Amino acid sequence: MCTALTLKTKDGYNLFGRNMDLSYSFNQAVTLVPRNYEYRDRVTSNMKKTKYAIIGMASVIDDYPAFADAMNEKGLGCAGLNFPGYSYLEDKEVPGKNNLAPYDLIIWILSNFETVDDVLKEIGNIELVAVPINEKTPLPTLHWIVADANGKSIVIEKTKESLKIHENPIGVMTNSPTFDWHLTNLNEYMKTTPIQPEPVKWGEKELRPLGVGLGTNGLPGGCSGVDRFVRIAYLKSTLSETEDLNTGISQFFHMLNNVAMPRGAVKADDLDDITLYTSCMCQQKGIYYYSTYNNNGISAVDMNKEDLDAKEIKRFEYLDKLHITYQN
Amino acid sequence: MCTALTLKTKDGYNLFGRNMDLSYSFNQAVTLVPRNYEYRDRVTSNMKKTKYAIIGMASVIDDYPAFADAMNEKGLGCAGLNFPGYSYLEDKEVPGKNNLAPYDLIIWILSNFETVDDVLKEIGNIELVAVPINEKTPLPTLHWIVADANGKSIVIEKTKESLKIHENPIGVMTNSPTFDWHLTNLNEYMKTTPIQPEPVKWGEKELRPLGVGLGTNGLPGGCSGVDRFVRIAYLKSTLSETEDLNTGISQFFHMLNNVAMPRGAVKADDLDDITLYTSCMCQQKGIYYYSTYNNNGISAVDMNKEDLDAKEIKRFEYLDKLHITYQN
Amino acid sequence: MCTALTLKTKDGYNLFGRNMDLSYSFNQAVTLVPRNYEYRDRVTSNMKKTKYAIIGMASVIDDYPAFADAMNEKGLGCAGLNFPGYSYLEDKEVPGKNNLAPYDLIIWILSNFETVDDVLKEIGNIELVAVPINEKTPLPTLHWIVADANGKSIVIEKTKESLKIHENPIGVMTNSPTFDWHLTNLNEYMKTTPIQPEPVKWGEKELRPLGVGLGTNGLPGGCSGVDRFVRIAYLKSTLSETEDLNTGISQFFHMLNNVAMPRGAVKADDLDDITLYTSCMCQQKGIYYYSTYNNNGISAVDMNKEDLDAKEIKRFEYLDKLHITYQN
Amino acid sequence: MCTALTLKTKDGYNLFGRNMDLSYSFNQAVTLVPRNYEYRDRVTSNMKKTKYAIIGMASVIDDYPAFADAMNEKGLGCAGLNFPGYSYLEDKEVPGKNNLAPYDLIIWILSNFETVDDVLKEIGNIELVAVPINEKTPLPTLHWIVADANGKSIVIEKTKESLKIHENPIGVMTNSPTFDWHLTNLNEYMKTTPIQPEPVKWGEKELRPLGVGLGTNGLPGGCSGVDRFVRIAYLKSTLSETEDLNTGISQFFHMLNNVAMPRGAVKADDLDDITLYTSCMCQQKGIYYYSTYNNNGISAVDMNKEDLDAKEIKRFEYLDKLHITYQN
């Protein structure tokens, strides 16, 4: 499962990224798709061209970049998060709609739009259809968060009932159930606070904090999507902005660490569900920062140091070996 | 507040370290104290000599190395964690006892002993006395975890009632209340499991996990010492050993990240209580690994690359600037 | 706030009732409305006639019986529970609909139908409109549970989005948020069980229950509607049927006691929110059982001992004085 | 398991009682032991005489009244509650001590003392020894609460470490672990309040209570002794006094209902653990009030209507059949 986050810095940067919680690798690496890259739309079999260059974490299947999370050169970002038990796809194309396969949604959004408002104008015309990438690859069960360089974000959820676009007033997201359920659930934790409560008396017994942090008691500590949503929303609420870019990047990883999956905590079908990687994109600078489970340090790829008009997809080595700075 | 952890690797290494959660810096840096280093015992004013070399995180006050956590060349480690509301010191020296000031305990243990069993033979003779380092420095309110290279650990707690030595059956520790209270409290969370529960029916409604991780629901998610103890004990219980040293180091930081304090989550007297640094010592190799709040990457100092018979204390730069590995 | 419950007995009875949690009295008493009683519909100003006799807890305002919960002679029951922040009423009559005022819903349902299936055939044609009983009485913010003598129950919720009819697979209900939110929330508590868990080891520490009941740890214990829904659903799930009628009545009150509001626990606008009364209707026998906050004992009124073709509403004394059976 | 409670009324009465949570009956009934009643002390085999008359819930085994909870004519009350895993008894008599069998403790205290202060003077001289009532009856694993007519109460706990007398600053008690553990645990719930919290903003999302009672969110809702202690202590803390005796009695049962065991919630060795009975003693009036699982109404026996100088124990029928007040 996964957790997505957005964060501003006081010097004008927007950060967007996520934890990818999974029990297996999907051949992921930082991947740059240049402008005017042609890919075959799986539903219509037509070739489509990307208008904007895109950088993100992806596997490449038959020349097709399947992004898990990415941003384009205009700073628009999008991530797909697991949505099991709720995700629904139409069996066949709906006439009059822009029919998309689910893995096509990220590339379609990022190759065409600059802001969330741009997306909102067109998103009503799409439909999501059950067409797989190829015969070996099962259909994903996803919902998506889209966040732009102005700090605005939305959530796209296709369930059996409808395709819903939710404004995202907190800029975080996890997994099932639906986004509006999570938002309602936050009300239950409204007493959470960074401030120590004052001592009170219960009968003749004075109650006082045994140490700092008592204001946060009551937060749920499990690894499920419901618990992670509450925690990341709380952390976001107490720190909506950081001083500057470096402070922001560091803070972004600290916040996602709080909702990450340490190996051993959770099993999915007998495999350890771990935070495979954590990403953090600077939407103004076009830099993709990431750490991996085996490499706690942060690596980065700057899209603006590359030729955005290249012909081919470029893949960057997935740095998953522990990096240590030895001081002697 | 703080969290301490021990962890084994299958290839024979023992790791010991901690989160230092604090709202201010204490001029800390990795510090190496050589063999036969002389320091003035604050209670008796006598000079004492270290038998073993020691590496750890310390501030140095008037040539005196005040360690927060450290290990010696034999792999014995010790860390002091805050114990507010419970810590108690004798007003004056107790005749017939080895009277120690609280900040002297770590250096006394690490400069004299090789294993926890060695410590146990002598610890009954000590007493802790309220003598400060100097007039400007308030007395700390601490309890201590001692862990050796065999994986054995104990907790030392001096309260108004008594000086107690607890065997540590899990190898973790946080803050107040007393260690035995925390151990009892774990029973309340015995249902926590990495395994997904099977669906059940409540009336005609089938209940099923909304995603992975439901077995961990019920874990407390606050930042207080009680909540952190439960979480780190759970994580330790599901993964008592890791494959090899590098995997172990990475895992150690992941586990402590789960109980770390992201900026904003908790205030202590109007200041953010954050995880100032995280340490991880390889007790066989004598290497001190650490990350800091501003530098998520791991830095390291190897004591065996230094002259352990040097005359002076050696301090290593505290690497607190964000390190990023740029791939282009 | 309130909690509603349904329960079967093995000898063929169905029980339906509720806790009425309120910080003030509303002149309530057990009230019998005979067949063919005429009342003025507030929306249309037309006179309407009851087909079936109805017994329940009501205040009578201008000859109009405002029921909080009731059943008719066919065993169909209905209760209104507070639904603040979600309840929505149309500003004016919707053409082509059977427009009802919210307090009219219970009497309309119970005076016309025998079973939930009967209700379902007609409920699609109604609309709820914002017309008060009189100028002094504010509009209620309610949702409703309807339960028949076959044990089938539904929930009726009118929000800004729509009028929704939910099948009720557990036969319980509380307050806000919407019923489907509560059902989803139950998944989070699927580990709750009456069975003691087996001891487990965390490290060298064996965890075992400190006493019976550990399987229920993790249940939320607050007085809010969310917490009460989880608890009453759990209790219902472990005991869907009782031996016989008397056992069932006793059990019904025990279950609702678990989610009742003891004085002092909760304030609403400076007043104590208490469980004003608890009702339990035997849907086969037409007997209305109830206890009150000041009288823990159970009182009862049997509708079949009255003339159901009487001309007037009959009110029964509200027995709110502590009844004690002295044995000497 | 069990829960004990004390409560004052503003017109000068003290109430003391308990829930008896058990999966079987123990032939209990309200039992009056007169003054100067002789019983054989099981440890010494000497005959002892009661100084004060005692009323309480007891089984009678071989003419010996084994009280679960009781008070004497001076208003001193005592109850034994299960203390599994902690209760410890000496193997044999300790010389120089007043050696008592565990079931003898209640009758010894109530037949000799008037107040808690009286008990405190003598309790230091006792020792608890492992002598059963007879060969068929296993030794109980108990700790005790003693409460007098002045509202003072203590807890007596014999563990392997020591016999401890705890002042009881809240006047409540449940089961394992030790009383001081529970008191420390209360600090974790110090944010609980009857007052609704004010709305707060998390990002752009305003959080507000979905209904009354949100101040109590975070209370633990399980049936274990730890959860029950927190809930009953909270309820006691918000309502330390009631208006008058009748209000107090009603309130006393409401408070204990909140921590009672409804059938089905908890299994102990395949049997339902239920609240067999709830008792409430008026310590000034000498009246023993009780309800049973099958009879939700309150029954009462007044010791002052009996001959306290009688020769024999008097037993009163255990009213366990549902009492209903029919109004027609």
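Note that the chains take the letters A, B, C and D in the order they are written out, and that residue 1 is the start of every chain.
Rule of thumb we're sticking to: contacts are C-beta pairs under 8 Å (C-beta built on N, C-alpha and C of every residue); 3 or more make two chains touch, one makes a residue touch a chain.
Chain labels with UniProt names: A, B, C, D = choloylglycine hydrolase.
Remember, predicted model here, so these are calculated numbers, not experimental data.
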Chain pair with more C-beta contacts, B-C versus B-D:
B-C
Centre to centre, using CA atoms, which chain is the farthest one from chain C (choloylglycine hydrolase)?
B
Measuring from the mean C-alpha position of chain B (choloylglycine hydrolase) to the mean C-alpha position of chain D (choloylglycine hydrolase), what distance in angstrom results?
43
Could you state the distance in Å from the CA-based centre of chain C (choloylglycine hydrolase) to that of chain D (choloylglycine hydrolase)?
33
Taking each chain's mean CA coordinate, chain B (choloylglycine hydrolase) and chain C (choloylglycine hydrolase) are separated, in whole Å, by 54
Residues of chain B (choloylglycine hydrolase) that touch at least two other chains are 177, 184, 188, 208-210, 214-215, 217-218, 224, 226, 234
Please output the residues of chain A (choloylglycine hydrolase) touching chain C (choloylglycine hydrolase) within their complex, sorted ascending.
177, 181, 184-185, 188, 224, 226
Residue ranges of chain D (choloylglycine hydrolase) touching chain A (choloylglycine hydrolase) (in the complex, touch as defined):
169-171, 183-184, 186-191, 197, 199-205, 207-210, 214-215, 217-218, 233-234, 236-237, 240
What residues on chain A (choloylglycine hydrolase) touch chain B (choloylglycine hydrolase), complex-wise?
1, 21, 30, 82, 84-85, 175-177, 194-196, 208-227, 230-231, 234-235, 238-239, 242, 246-247, 249-251, 253-255, 257-258, 260-268, 272-273, 275, 289, 291, 293-302, 305-306, 316-317, 319, 321-328
